[in-house]
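Each structure below is given as structure tokens.
One chain, chain A, links the two complexes that follow: it is found with chain B in the first and with chain C in the second.
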Partner chain A sequence: MKTLVACIVVALALAVVPLFIESPYALHIFILLFIAVALGESWNVLGGFAGQYSVGHSAWYGIGAYGAFILLQQKQIAPWFGVWVAVALSVIAALAVGWITFRLRGPYFVLASIAVAEIIRLLSLNTKDLTNGAEGILAADLPPLKFGNTVITDWISKTPYFYMGLAMALFCIAVNFFVKRSKLGYYLQAIREDQDAAHSLGIPPTFSKNAALAISAACTALVGSFAAFYIGFIEPNQVFGIDVSIQMVLIAIIGGIGTVAGPVLGAVILVLISEGLRTTVAQAHLLVYGVLVIVVILVMPEGFLGFISQRLRRKAATR
Partner chain B sequence: MAVLLQSILSGMLIGGVYALIGIGLTLIFGVMRVINFAQGELVMVGMYCTFWVFVLFGIDPFLSVVITMPALFILGALLQRTLINRVLDALPQNQILLTIGIGLVLSNVAMLVFTSDYRILSTSYSSSSVGILGIHLSTPLLYCFLITVVITAVLYWFLVKTDIGHAIRATAQDRDAAQLMGVNVRHMGILAFGLGAALAGAAGALVAPTYYIYPQVGGAFTLKAFVVVVLGGMGSIIGATLGGILIGVAESVSGTYIGSGWKDLCVYVIFLLVLLLKPSGLLGKSRL
Partner chain C sequence: MNALLEVRNVSRFFGGVKANVDVTFSVEPGIVLGLIGPNGAGKTTLFNCITGFYPPSRGDIFFDGQRINGFSPDKVCKLGMARTWQKVRPLAKLTVLENAVVGALCRTNSVAEAKEIAFEQLRVVRLDKRAGVLAGGLPIGERKKLELARVMATRPRMILLDEVMGGLNARESEEIIELILEVRQRGLTQVVIEHDMKAIVRTCTRIVVLNSGEKLAEGSPQEIVNDPRVMTAYLGDAGGAKA
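Right, the complex of A and B next:
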């Protein structure tokens, strides 16, 4: 209950930020943060709860981005409708892939997930008619969002993106919260701890993992198309590249895997550090990701969240 | 017919390099059960070593193998001693993430130090070719293949004939039993990681004259090395050799007949099929 109140307070505080902050750069950082939170939470459903370390989530991210972009470009369907088509496409593709790859375990699953993402990246590079190949797609001007005859936004300022990003991040957090406490969530956590034991107790492993993948892929595709419209340009290596997948894993790992708050913490840490360094060490902000993940795996395998709560508990015990 | 033969032969030449990288990966996996996601980045480090040795001292890339291999051996041994060693008993996923982190650090340090410019190492024979019976093979790739054969043969001899080689193979077969027989498994781990890195370094030196050299070049090699190793069977060195050649040929033939944009796609489709239909690989024992 306390945490719920705290969450609502933080969300409300964030909601009034654009009223006070005018600087587009500050809003930009917030939007990046929301994207990172949503990505980490999306990955966490499959990677954290079910323990299926997919390093190929860029596939769903990219299908979300490309789906909505192509629908806008070639069929003139407004993104706020196209997004749902893209999400549906991504879920269908994810289920097809899950049906094939979930019979693999551990490192073999990791390798298969990378291969799937690579196959989709190469397909998008080679189907020029649909995706415009390596040249990528530049977003056309977005149609203004109207309610009746009143124009709500014309997408020029960053404020609408801020609120959409905030809503998306909150949605992904809520998804994690409810999945974790649902029957499916308990199934997934049982599978993570010991798949064979879970199976022998009557938990359907493949079905549960596919359900987690579908939820995870849907959220990822949603974030993918939001991020694509925010940036305004997509090309295969940028949205389907392994960097996106690795970034998603790292957000969850650094914060604390399999927890609802972990990816939020991980996103805050990563976005702040990499933006802080972008101004000083221009090129290699990914270096920080590498160093951080090494430190986290060696020193605090349960992420910052686990590390902090362990410290707090120890403090309480000594008192 | 000549075209088919031509593409099979060029595929075998480049496949030799894939085999070399794959053998390194499979050696590390065999001894420590760690999948090294930084293998391609080690190849990248080898390529830069070769490049700078060539630019600064004018040493031929194929001769520089004798410099890059020891250098990468030391780097690999250090990585194992300081980092990998601590996660030997951790979840395989955490080991993978650690090596991904090492790969990120290597490629981004390379970017800081060498910038992200594409560099080309051009030798006098870079664009020449050798003609045998109407089939033309690129000279640098041919040299590269011959050296690969020599290195692989030496490695086999080392693993099969020497005492240390026996100890490494014993550790790979059964870590605990090897330890009980008096093998220092910690040292074998360091040795195996060093050797794996040295092989990656050799591969880097050998492909330096034919590939662009840039900080992100490693990723493609890492993925290809996995394909090679899974195809041959995790932990099997003969399997990795065979897998490397097969992947090289598959890539080259599909590049010729389907289109160069599709060749990597074919490789990954083969990879997925092998994972699903025969996950133990062509020569490996099932370890699922």
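Right, the complex of A and C next:
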């Protein structure tokens, strides 16, 4: 209850931010943050709860991005409709892949997930008619969003992206919150802890993992198409590349895997570090970033959230 | 009387290794069947075949008249047959209550209802005071009890216990024996793998002895204890010490 109130307060505080901050750069950082939160939470459903460490989530991200872009470019379907088609496509593709790869466990599943994302990346590079290959696609001008005859936004300022990003991040957090407390959530966590024991207690492992993957892929695709329209340009290596997948894994691991709040914390830390470094140490930012990530993982194997709660427990115990 | 579980000529081979050969027995509702035999006799393999972790190479398994060869473990559990593991498998990062909730969700879609069922079972095994503790932090005695609570929470018609007393001290074993007797009194059918003969004699209605994968003998506890073949195969080679 207390946490719910706190969440609402934070969300409301964030909602008024664009009223006071006009700097596009500050808004840009917030939007990056929302994307990172949503990505981390999306991955967490499968990686955190079910313990299936997919390093191929760029596949669903990219299908979301390309799906919505191609529908707008070639069929003139507005993104706010096209996105849902892209999400559906991504779920269908994910279930087909899950049906095959969930026969594998542990590191073999990880390798398979990377392979699948690579296959889709290569496909997108080579189906030029559809994807424009390596040249990528520059977003067409977005049709203005109208309600009746009043134009709500023409998509020029960053403010509409800010609110959409915020809504998306909150949605992904809510998905995690409800999945964790649902029957499926218990099933997934049981599978993560011990698949055979779970199986013997009446849990169908493959079905449950596929359900988690479907939810995870749907959220990821949603974020993918939002990010694509925000950036305005996509190409195969950027959206289907392993960088996206690794970023999703890192956000969850650094924040605290398998928790609802963890990816939020991880996103804040990673976005701030990466932006901070980019503006201070310039070319060396990726190197420093990498070293920092290694240090964090070594010092806090349970993520920031686990680290903090462990400290609190120890403090309480010594008192 | 109609058997609840019927194992008919079941064999299980791993390559050239014959883990079970032509094993036949049946379990009537309400009894406690003891499954004993020296290490490597094929007791756990038989459990794995019965609960669907791998299909028998030959032979048939019937549960309540239905042939269940090749059924997946979750389906077997849904039918009403739940098993524990010789090497305990707590869901370490979940709490004791959550472990039992996972079992209870086998029969209900409501997490709230599952929590009630789970708590009730924790009370039966006297773990209710530990409900909020992470299962990974429990000592072995409590882990074994948790295994029991978890399978009971699936509301089974029959439970298969794989060495629930293994590694326990005398007092802890006594608690488990009492739990088995309590469950027996409630009429729940049980198949128990155990090495401790005293526990077996006290809890079981009938005993099946396996040796080198084959059924060596079957009978009442008294018959089995006095059977010279069992003495040589099972008790004799342990030199009288508890295995």
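A few notes on this one:
The criterion applied here is as follows: the second predicted complex is superposed on the first by the 309 of 319 C-alpha atoms of A that agree within 3 Å, B and C clash if a C-alpha of one lies under 4 Å from a C-alpha of the other, contacts with A are read in each partner's own complex, and residues count from 1 in each chain.
The rule is simple: contacts are C-beta pairs under 8 Å (C-beta built on N, C-alpha and C of every residue); 3 or more make two chains touch, one makes a residue touch a chain.
In this text the structure is predicted, and so the values were computed from the model without any measurement.
Per the definitions stated earlier, placing chain B and chain C onto a shared chain A by superposition produces no clash, and the two fit side by side.
Of the two partner chains placed by the overlay, only chain B lies in contact with A:Val293; chain C stays clear of it. In the superposed model, A:Ala174 makes contact with neither chain B nor chain C.
Once the two structures are overlaid on chain A, chain A sits at the apex of an angle of 80° toward chain B and chain C, using CA centres and rounding to a multiple of 10.
By the document's definition of touching, of the two partners only chain B reaches A:Asn126; chain C does not.
In the overlay built on the shared chain, the residue A:Tyr186 is in contact with chain C alone; chain B does not reach it.
In the superposed model, A:Arg105 lies in contact with chain B only, and not with chain C.
When the two complexes are overlaid on their common chain A, residue A:Asp194 makes contact with chain C while staying clear of chain B.
Looking at the shared chain after the overlay, A:Ile203 reaches chain C, while chain B stays out of its contact range. By the touch criterion defined above, A:Ala96 reaches neither chain B nor chain C.
Set against each other, chain B and chain C differ in how many residues of chain A they touch, and the higher count belongs to B.
When the two complexes are overlaid on their common chain A, residue A:Leu312 makes contact with neither chain B nor chain C.
Closest approach of chain B to chain C, taken over C-alpha atoms in the A-based superposition, is 14 Å.
Within chain A, not a single residue is touched by chain B in the first complex and by chain C in the second. In the complex of the two chains, the chain C residues touching chain A come out as 51, 53, 72-74, 77-78, 82-83, 85, 89-94, 98, 101-103, 105-106, 109, 111, 114, 150-151, 154. Note for the complex: chain A touches chain B at residues 51, 53, 55, 100-101, 103-108, 110-112, 114-116, 118-119, 122-123, 125-126, 242, 246, 249-250, 253, 281, 283-284, 286-287, 289-294, 297-298, 301. Of all residues in chain A, only 181-183, 186-187, 189-190, 192-194, 196-205, 258 touch chain C in the complex they form. Contact residues on chain B toward chain A in their complex (touch as defined above): 35, 83, 86-87, 90, 92-94, 96-98, 100-105, 107-109, 111-112, 115-116, 219, 223, 226-227, 230, 259, 261-262, 264-265, 268-269, 271-272, 275-276, 279, 288.
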